[in-house]
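Quick heads-up: structures coming right below.
First subunit A sits with subunit B, and in the next complex the same chain sits with subunit C.
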Partner chain A sequence: MHIDIYLQLLINGILFGAMYGIAAIGLSLIFGTMRIVFIAQGTMIILAAYGSFWLFNLWGMDPYVSILFVVPASLIVGIGFYQALFRKVAKAGQFPTLLIAFGLMALLENLMFVVFTGNSRALQTSYSTYTLTLLGMKISFVRLMVFVMAIIGTAGVTLFLKKTLLGKAVRAASENLEYAMLVGITPHQVNTVTFALGMGLAGLAGVATATTYAFDPFSGFVFGLKAMIALALGGMGNVAGALLGGILLGVVESYSAFFLSGGWADVISYAVFLLVLMFKPEGLFSKDTSAKL
Partner chain B sequence: MKTINKKQFVLSIIILAACVAVPLIFDPETSYVVYFLFMAFIYVTLAQAWNIVAGYTGQVTLGLHAFFGLGAYVIAIGWSREMIGYLDPLGMFAAGCAAAFLAVLVGIPLLSKLKGDYFALGTLGLGEILRLVTIQGGAFTAGPTGILLPSSSFNTLTPHYFIALFLALLALGVTCYLTKSNIGLALVAVRDDETAAAASGINTLKFKVLAFAIAAFLAGLCGALQAYYIFHVEPQGFYSLNWTLYPVLMCVLGGAGTLSGPVIGAIFLTAVFELAKYAMPEIHPIFSGLLIIFSIMFLPKGLIGLKAGRMFQRIKRTS
Partner chain C sequence: MANPLLKVTNLNTFYGDAQALWDVSFQVHEGEVFSIIGSNGAGKSTILRALSGLIRPSSGQIEFSGSSIGGKSPMEMVDIGISLVPEGRGLFSTLTVMENLELGAFTRRARPLMQETLGQMANIFPIIRQRPNQLAGKMSGGEQQMVAIARALMSKPKLLMLDEPSLGLAPIVVKGMFEIIEVLKAQGATILLVEQNIHQALRIADHACVIKTGRITMIGTGQELLTDPEIHKAYMGSLQ
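Then we have the complex of A and B:
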């Protein structure tokens, strides 16, 4: 057993986990203002993955070009979903919102099953199997692109939250909704923004999924669950923490898959999830100790 | 806390008598009615189990399928090693106890630390862990293919029907007892304002774990009965999230936090699902998803009326 293998596993894990990170940031934003864990996130990712897949297969559009169509479309879908489904029940608290998300997940999964069939799909480009060799480490090009997308996504969201007025409103609402309302921030407006952003990130994660994984209509649930684990690891309502949580989860999975087996890797990631929930529910990378429980 | 009046008492006796008479009137081997009511009773039990934890105690769990699957596996493993027999009451009791034991084991750390979404996610993770561990369980759990049970033992659905009826009555009885006892008062106090309940001297953790364990016990029994009916216990089907999703939906649609809400919701939705399965098998799950969305949007208070609406507001207040 050489140090090389450990390093290679680490790199694989980091690249792998970046995708969980993108999905987790979306969840984190939505949780920040709406106080719900949007469980249909994984299903939205798969829907976006199908978008990218069909754009490539029908019109030969490169998956990285399809980002330009899939992400804006996801943003619009996000606004539509919020206005049509969640606006009305947002006031009634988390419970109905959570259940609507549950219903949306069941609806979308089965709709995709009927429309796209249950066949497993994978986007095969000419460069899908291309690997770079860096200091003796093999790095898959598509996985590296996922990592780059995750970094760009995180940076974009962070800039939006820090520099724009709308982003500041979102942050204010996440920190204290009542005080935010006192200074004239409307909850529906910030909810719409975070929901749209969350879905936009789901779109980005969808393209990332399409280029690296085989997927079917029902793989979204497990994916969403992984994003939730990443979110719990990083701490809810913390953008950079969510990305780090995703990367940490990827690394844990990569090592346990190598030393035990693929099946046990999932068991271990759920066990880590439960342990973090039990002993450090505010997350591993949370700066302030006043957890938003 | 209203006492059952005479009219309601007579009505429940009539309904009970009708339920007992069904397998005598309809032939359980061919009749759809018996099968339908069997499924409906199982769902009534599961919905009521969820109601005890979420509706009365305010702890939203998404891990009912963990206990359902565990109960089924206790039966499958015990029966395939001839430790218990076919429709063995002791075996079923053991299945329920195993589920309740697990609930106490994970409930104490989870419930002492987590609230709201975090607890819901933790229980969701529990179901996934059990499913994956079962798949990895090797010869003990027979892995992803699952355990095949001697289906030659099956000759009629009648005993299953009566056991399911008994379970539904047990769930109703337990809920009824809870609401009329001090325990029920403590549970509702925990739901409405946990801090105030703790300040009044209620050991909130004890009552939350108790409610969680009772629900797990009932779910474990349902899983055990389903194992005796399906004869093939495998991870995907028995640890399926649907065993949580459907009861939650039934309870919410009927009216969470009420005694009769989950019963009405369970019977109504079992009928809708069966009809949908018969009329449009392809798109039936789409229909179920739509139904969840519409019932929450346009019927937030549940079929039963205003009580569930109050629960939503309470949950909102505590969050």
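Then we have the complex of A and C:
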């Protein structure tokens, strides 16, 4: 077989996986400070995808312009969810918060089903099928844009965490909440920030989904699972690692889908998930194992 | 004597059903070093945890600058001027020295003064100028202790509380650390010190108390306790 096909599959996988990466960063932030496994992340992404879809279909708004509305709206929804659902139980441990996240997921799925119907939707723009040719490789424009969004999203979050005092407080609280409280950081403050950021990233991933995939109200769960795999690959509390984990997952899926089948791609990605958890639970891209979790 | 900066009266705390502190009362005056000594598990750290808002006292009074502060949150305690360097130093090991210090000035009261306070800290602790970008977790224990004290001071505390600052440090480093405490005292800081290094802790203290199974058994000036035969027998036998 020609070497080009390997390269083409690699590029597809990288572009594909970047989206898992954006979702994984959101999960990582929320888990980092609150130890909440926010299983509804994927469903939030689908909700945001619907937002972008309807803005385009009803008002003809370009999906890349819709980012300006969908991301801030998701951020606000994130703050609302935290205040309404998680604020009181944030201290109660992982099981209650996991149940709440699960309930929220089921509620949103069924709400979307009633309001938007179960029909599969896809956002079709004039440039949806446009491809660039680079060194003999065909690159889908919308997929390339997903990758660009992932890079911008990751860079934005990284800058926030590294350069602002609030971002440093988020990192401090992820490392040790009690020590963070002793310097005057309140848990609710950092929790609100991370939830807002996590949902903002879900909004970005939603726009990315809308431009590249067909989706229905129940597509979110599998997406959320994939994000969790990406997170396990990349390592908790490691923003760049989460993006890399997503990209790696995308590449694994891309190769196994081509050489085996689409069904096998899922089998293999879940197997990789379990193998990483068994043999390198701190993640493949984690530098310092002692400091995480 | 003037009104005390900190006045603790009949403080009782519980961990679940187990009572950790029994009617603990003591006073700390402005500008003094007050040492709490005692063996492991006697309740020394519990007093500091109650004063920093990490645990709620079940009864008793805590007065600070004349107002009652019992039951406030850790954030409120830092904001009114009580700062704790916890046992084990409490640095964020994945953050740099500079980031740790900046977070020390997180409260609304301290934040506007951050740059100015950083300058003052760098004068006392040269390591801040030498290695501001080093990860705190990669430093030696003594260096971490210095950064931890500097971070607590970044909040502009009226009362600095140190929980076992000499724990796990080499003797020569311990000496340097007590010198820093003297420097801070000379600059007018009020310090509440919990120590197992009893000899050093009493020498530096204006006042001190001994705590045993959650009760204060002795209270006096550092000199009085240092020369007390009971204390010598119980805690310092090998240090003669």
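Assume the second predicted complex is superposed on the first by the 290 of 293 C-alpha atoms of A that agree within 3 Å, B and C clash if a C-alpha of one lies under 4 Å from a C-alpha of the other, contacts with A are read in each partner's own complex, and residues count from 1 in each chain.
Here is the rule we go by: contacts are C-beta pairs under 8 Å (C-beta built on N, C-alpha and C of every residue); 3 or more make two chains touch, one makes a residue touch a chain.
The model shown is predicted, which means the values in this text are computed figures rather than measured ones.
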Overlay on subunit A: subunit C relative to subunit B, clash or fit: fit
Partner chain(s) touched by A:57 [first = subunit B, second = subunit C, both, neither]: neither
Subunit B versus subunit C as contact partner of A:178, first or second or both or neither: second
Which superposed partner A:164 touches (first subunit B, second subunit C, both, neither): neither
Superposed model, subunit A: greater residue contact from subunit B or subunit C: B
Touching partner for A:117 - first (subunit B), second (subunit C), both, neither: neither
Partner chain(s) touched by A:129 [first = subunit B, second = subunit C, both, neither]: neither
Which of subunit B and subunit C A:186 touches, first, second, both or neither: second
For subunit A as apex, the angle formed with subunit B and subunit C - C-alpha centres, to the nearest 10 degrees: 90
Lowest C-alpha to C-alpha distance for subunit C against subunit B (Å): 12
Set of subunit A residues, in rising order, touched by both subunit B and subunit C: none
Footprint of subunit B on subunit A - complex, ascending: 31, 35-37, 85, 88-89, 92-96, 98-100, 102-111, 113-114, 221, 225, 228-229, 232, 261, 263-264, 266-267, 270-271, 273-274, 277-279, 281, 293
Complex interface listing, subunit A residues touching subunit C: 165, 168-169, 171-172, 175-176, 178-186, 288, 291
Of subunit B, residues touching subunit A in the complex: 60, 106, 109-110, 113-118, 120-122, 124-126, 128-129, 132-133, 135-136, 241, 245, 248-249, 252, 282-283, 285-286, 288-293, 296-297, 300, 311-313, 315-316, 319
Complex contacts: residues of subunit C adjacent to subunit A: 52-54, 73-75, 78-79, 83-84, 86, 90-95, 99, 102-104, 106-107, 110-111, 137, 151, 155
